[in-house]
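Here come two complexes built around chain A, the first alongside chain B, the second alongside chain C.
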Partner chain A sequence: MQILVLVSTLLVLSLIGYYLGRSRAVASVSGEASRLHSLPGYYGLYVALWCGVPALIVLLAWLSLEPWIVERLLVASLPESARSLPSDRLALLLNDIRNLAGGNIVSRDVDPELRDAANHYANMRQIGTWAEIVVCLALAVAGIALGQRYIAPDLRARNKVEKVVMAFLVISSTIAILTTIGIVFSLLFEAIRFFRLVPPSEFLFGLEWSPQTALRADQVGSSGSFGAVPLFAGTMLISFIAMCVAVPVGLFAAIYMAEYAHPRFRAAVKPVLEILAGVPTVVYGFFAALTVAPFFRDSGGFLGLDISSESALAAGVVMGIMIIPFVSSLSDDIITAVPQSLREGSSGLGATRSETIKTVVLPAALPGIVGGVLLAVSRAIGETMIVVMAAGLSANLTANPLEAVTTVTVQIVTLLVGDQEFDSAKTLAAFALGLVLFCVTLCLNIVALRVVQKYREQYE
Partner chain B sequence: MQLANSENAAKDGVGMPEKTGNLTTESKAGRTPMVVARDVDVFYGDKQALFGIDMDILPNEVTALIGPSGCGKSTFLRCLNRMNDVIEGCRVEGRISVDGQDIFDRALDVVHLRARVGMVFQKPNPFPKSVFDNVAYGPKIHGLSSSKDELEEIVMTSLEKAGLIEEVKDRLHQPGTGLSGGQQQRLCIARAIAIQPEVILMDEPCSALDPIATAKIEELIDELRENYTIVIVTHNMQQAARVSQRTAFFHLGKLLEFGDTDQIFTNPSVERTRDYITGRFG
Partner chain C sequence: MSDTAGTGTVKTGLPRKNINEVVSAGIRRRYAAERRFRAYGLAAIGFAIFALTTLLVTIVGTGYSAFTQTMLELEITLYPQDIDPEGNRDPKVLSTANYQALVRQSLRDLFPEVTTRQERRRLNGLVSDGATFQVRRAVLDDPSIIGQRISILVPMSDDIDQFMKGHISAEVPESDRRVSDQEIAWLERLQDRNLVHRTFNWTFFTSGDSREPELAGIWGALVGSLLTMSVTLALAFPLAVATAIYLEEFAPKNRWTDLIEVNINNLAAVPSIVFGLLGLAVFLNFFGLPRSAPLVGGMVLALMTLPTIIIAARASIKAVPPWIREAALGLGASRMQVVFQHTLPLAMPGILTGTIIGMAQALGETAPLLMIGMIAFIVDIPQGVTDPATVLPVQVFLWSDAPERAFVERTSAAIMVLLSFLIVMNAFAIYLRKRFERRW
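Our next item is the complex of A and B:
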């Protein structure tokens, strides 16, 4: 709460700094703004940045360091007997002190010593907060004063402000990249822990998936097996079915829209098709589990086929429907990007429209279309909700699309849902699966982007 | 695209094949014109782009269409093989016949028309295929060859006629897009003559090329005249004077003057033509 007030005060101060800086800049050339190096607004921004940025940086640093410093001081103030406790017991004690100071429930009887420590802690926090507020506001005011002093007609305010803006942009992109790297590393470390328990060869080549870990040695079914091949086979099967639906339908839709459709029809239908991409996958899951799967089961029975009510076919078909807009939208963009001059050249030679499409437009667009399809495949492999709801959980190693299969993503969900301990092979397996999945989709994406890029260079 | 012309033709009581005889009053030396245009109007939506164009294009001659930008010369050129069909809102009225056949006849397949009236575009537009496949494209879709050897012969002859064979004989199976601009344009010409058209339309074929490549194309046009009827749109006065036998001057969608190139360039009968040719406007 205090932080919020502090931040808004800093913003108000920056605003004041903006107006002060602006008017000072105008005053410094006695009203002839054209004699200034930059527009007056840049001088205002310059002062506002001087006011806000250092104060906010200090505030951030303070917020991240304060708890650690206060804890150090608190430990130092505790009696010798408490300080010599093992680290986990000490952490428990510190937690209690914090809870007591914060007015929460405490896990032990409150003795005067604890109460003293809690008071001390509360005091330190209080002092810390006030010091923080004072320091930040002082910095902000000092920043305004300093910025004001620098203002002169030949100050290159615009260039300086632009430099700061660029720094913001760099920081933002760094955050995005670092987050990705962080995710990869957390996956990697947990996966390594898993591979200490289960050898990678067994995980990657084992044919049986039954992720159990025994609580007691004599438990029934205590022997778990972590062979991921059935999962990958299931993933591939479902993705394959999905692509069999999505690629022809999506591609033909794209060809129609890009080459034949009336522009007005295209303008109306393309957004509608893209809405299909906006339907939450859970909804597709309902559709798969409640409509498509029973339909396949019943019509299979009619034909004398034995289709289980949770089949790879149902999940794959619905996933394919989900991916259609992906394929069609990407292919449509790529087909429209084929230069008109090629089409004219072809029809100028007496080719019909469909000959032109078959022999000139599609070959020219093919690399791009392949890239788009690969992106769609990586989407299919990573898709979870539809398969959870429609494909089932049994890890069958089968190529029969009429049976229930399971996929990598489904298993990750089931391994991590509910109360779990995070040091058994069962839960750690989820991270190993995630890592493999990540590697596969990463490779697909890299290949796809390469292909698309290469295609782009062709016409530029 | 509205095919008003067939009805008009019927109304006027002029049968198409016989009509060409009536319409050749302008032609000299009794030669039958290859392309006859009568009273051609073109509209883009509500805007009229061409007004009553009459023109006879003689066989084995180069006819140059000149005029300032937006005067309708490219539009007229594109009428001759009905490339305007694909443009949204474009409407052509009047009569055009190629070798005695009404090109707006409902019975006529536009694909066949375009096989007889080839086109070379302003910017070289080779397909992203090999040099060989670029030239073989037309013969393949029209089934002009019955065997692989025959196809190869057509391709080689076309490349030879386009004066490209020496430069590409070692790279027939490399992409046509890898050639230089001038070579690409000659490849497009080879591609057009591979389907043995009667008329070749060229829409500013040299505007994207350097002077040396331009000189080669001009030389080629002069050679091709022996076997084909050529209509060329150009912004380059010297080019028109160099390559063409007859010149048509368009201005604001009207055909102001049409006659022998020598006469147009030395002694134009219309004031505006003189102004344009001498560079006083446009």
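Our next item is the complex of A and C:
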């Protein structure tokens, strides 16, 4: 809340800076704006930037560093007996001090020492907050003063302002790269810690997955085994079922829409596909668990088949429905991109429409469609909510779609929802799975995008 | 036609009649294939429509009944000696008084013949625990009613509610049913005295989550969604527009910009759960931001929607014809002025459309938020972006896991609310596109 007030104060100060700068610039040429190098507004912006930018940068740095520094100071102020605690016990103690200072429930008896530490902590936080406010506001005011001093008729205000804007544009455009780097490093870092506990060969080729590690060394039956093959198999099974639904339906729908449909029919059906694409995955998951899975189970019982109520079939079919619009819109684009002259040539030779499509249009569009299908596969592999809600939890190495299987994403969610300790193989395994997921989808995406792009260039 | 067929006869030596038959049979076959092919296409579209209708019908069919709630009209005597023995109307005393006993007493007054402990407990179970809070709120709002006999509508328990809505059938043998025969008999007597009403379920829209289905609402999740979306919008929109401007208007064509482009395209296709892992490892563990907070959720979703908005914004900026830029440059504008005073305003409708679609995507996203702990059970309405909160799709996920029958209809109802938000957002995006679309 204080931060919000502080930021709005900074914004108001910048606004004041804008008007001060503007009027000073106009005054410096005694009202003849044409003698200024830039439009008066640029002088205002110049001062406003001087006011806002340094203060905001300092504020950001402060916010990200303050907790760390305060913690260091707090640890330094603790008695020697507490400082020598192992790091996890120390973290618990610090947590208790923080909770006590914040008026929350504390997990241990409150002794005077703890109370002192909490007071000290609260004090430091308060001093920190006030110092932050004072420093930021002082910087803002100093910025205005400094900017004002620089204003002169021949100050190249526009160029300077534009340089700052340009810097902002460049920095923004690197966010995409930073995100990728962040993903790669966060996954890699935790995965390496995991591979120190479990060898990669066991993870990649082991046939047994039961991530429950023992709490005590002498506990029976939960040594934890991290062979991810059943998860990969389950993911592939469900994705395969999804593709069996999505590819034919999506492709035929796209062909009909692109080649046959009356514009009015197109206008009526397109929204249906768009709505299917816009339905959140959690809704599909609920639909799968509430309607589709029981339906398959009951009809299986009717036919004398034993279908699990968390069968791969139900999750796969619903996931396929989710992916239909994805396949159809990509294929639609690609089919309409096939040049009309090819169709006309084929029709001129006497082929019917379907023959034209089968022998001319589809072969021409095939690379693009393959690319689209690859993108769809990567969507299916990474899809989470449907499988979390409709597929099973137990790792089951089977190719039978009527049984329950589990997937990589389901395991990531189950391993990470709830309390986590970042030194157990169980939690770290989720990051290793995430790394595999990221690598596989990345490869699929790169190949698919290449294929689609090549195809587009062919006819452009 | 017959002439060509005739020459054909001569050349191939086949009888004249035959070739006609062969050709027309071939044409028949080919036309049948044509019709089949069309039918496949129509069947595919039919399947998609069927899937969508089944989905919507299921959701609405199970969800519509959650918008009403069975209420019991209770006459409660607010004895001053129970609520406020000292008579000074101290709010602290008022809020700690035993209202539960009053509610139970009033139920017992309705059925004086109920005496055994077990039966009494069952009788008390007819109304929700929320009744107590409701009476307390009524007293705190207006202490002058103490000493009077008030008539108040209190929610009935979820099982009774489900029975009244017909979701629990009386045909089922008693042992398999959540409502006993005796409770049904009580309920019938209450109905005869016209004390049972079905009213609009305001609780559903005004309260936070609860373990009791009849007290659970989506307001907390809605506020959480709103806070999260504000953070997402505040971060994603400026960054995405800036990136799009840079890439379209200023970026030199070199390896660096190629790399940026490849990255953006790939990020658009990275599974959302990976963004959740990023949020967990970087925002929570590295920067130590609070768990379950809309701030972190918004940041993760912003990273996720950035590519969508960037791609839409780039397409929209690209669509502005070059002669606009040339004309402005010719009049002496700087490149930055061209962008901010001409290109950007013209591209804005397209950018906004893309932004709304990206936000709609973010609003429905669940998986990454599970990773950063927005799945906690939170009763309070969040007050700021650092308070623990949950969002609408996660609320759907949480409720879908609950065993009570009453939560099924609430899940569906929450989905209906979520879907209507998405439809409104998408409709607005389409309107923007239609209204401001320009063809140059």
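Just so we're on the same page, the second predicted complex is superposed on the first by the 292 of 460 C-alpha atoms of A that agree within 3 Å, B and C clash if a C-alpha of one lies under 4 Å from a C-alpha of the other, contacts with A are read in each partner's own complex, and residues count from 1 in each chain.
Note that in this section contacts are C-beta pairs under 8 Å (C-beta built on N, C-alpha and C of every residue); 3 or more make two chains touch, one makes a residue touch a chain.
If you're wondering where the values come from, they're calculated on a predicted model, not measured in any experiment.
J.: Overlaying the two complexes on chain A, which is it for chain B and chain C: clash or fit?
T.: Aligned on chain A, chain B and chain C fit with no clash.
J.: Which partner does A:Ala399 contact after superposing on A: first (chain B), second (chain C), both, neither?
T.: neither
J.: Just checking: does A:Pro363 make contact with chain B only, chain C only, both, or neither of them? Give me first, second, both or neither.
T.: first
J.: Touch test for A:Glu355: chain B only (first), chain C only (second), both, or neither?
T.: Touch partners of A:Glu355: chain B and chain C.
J.: Could you say whether A:Pro263 touches chain B, chain C, both of them, or neither, answering first, second, both or neither?
T.: In the superposed model, A:Pro263 contacts chain B only, not chain C.
J.: Looking at the overlay, what does A:Val5 touch: chain B (first), chain C (second), both, or neither?
T.: neither
J.: Which holds for A:Ser347: it touches chain B only (first), chain C only (second), both, or neither?
T.: Once the two structures are laid over each other on A, A:Ser347 reaches chain B alone.
J.: Please tell me which partner, chain B or chain C, touches more residues of chain A.
T.: Residues of chain A touched, chain B against chain C: more for C.
J.: In the overlay, answer first, second, both or neither for which of chain B and chain C A:Ser378 touches.
T.: Second partner only, chain C.
J.: Please indicate which partner A:Pro339 is in contact with in the superposed arrangement: first for chain B, second for chain C, both, or neither.
T.: So A:Pro339 only meets chain B here.
J.: Minimum C-alpha distance between chain B and chain C after superposition, to be given in whole Å.
T.: Least C-alpha distance: 7 Å.
J.: Can you give me the overlap between the chain B contact set and the chain C contact set on chain A?
T.: 352, 355
J.: In their complex, what parts of chain A are in touch with chain B?
T.: 263, 339, 341-342, 344-352, 355, 359-360, 363-364, 458
J.: Residues of chain A touching chain C in their complex?
T.: 1, 4, 64, 67-68, 158, 162, 165-166, 168-170, 172-177, 179-180, 182-183, 186-187, 189-190, 248-253, 255-257, 260, 269, 272-276, 278-287, 289-291, 321, 324-325, 328, 352-355, 357-358, 375, 378-379, 381-385, 388-389, 409, 412-413, 416-417, 422, 430-431, 434, 437-438, 441-442, 445-446, 449
J.: Which of the residues in chain B come into contact with chain A in the complex?
T.: Interface residues on chain B, with respect to chain A: 81, 83, 86, 88, 111-115, 118-119, 121, 123, 125-129, 137-138, 141-142, 177, 188, 191-192, 195.
J.: Under the touch definition given earlier, write down the residues of chain C that touch chain A in their complex.
T.: Listed in rising order, the residues of chain C that touch chain A are 30-31, 33-34, 36-38, 40-45, 47-49, 51-52, 54-55, 58-59, 62, 238-240, 242-243, 245-247, 250-251, 259-260, 262-267, 269-275, 277-278, 280-282, 285-288, 303, 306-307, 310, 334, 336, 360, 363-367, 370-371, 375, 384, 393-394, 396-397, 400, 408, 411-412, 415, 418-419, 422-423, 426.
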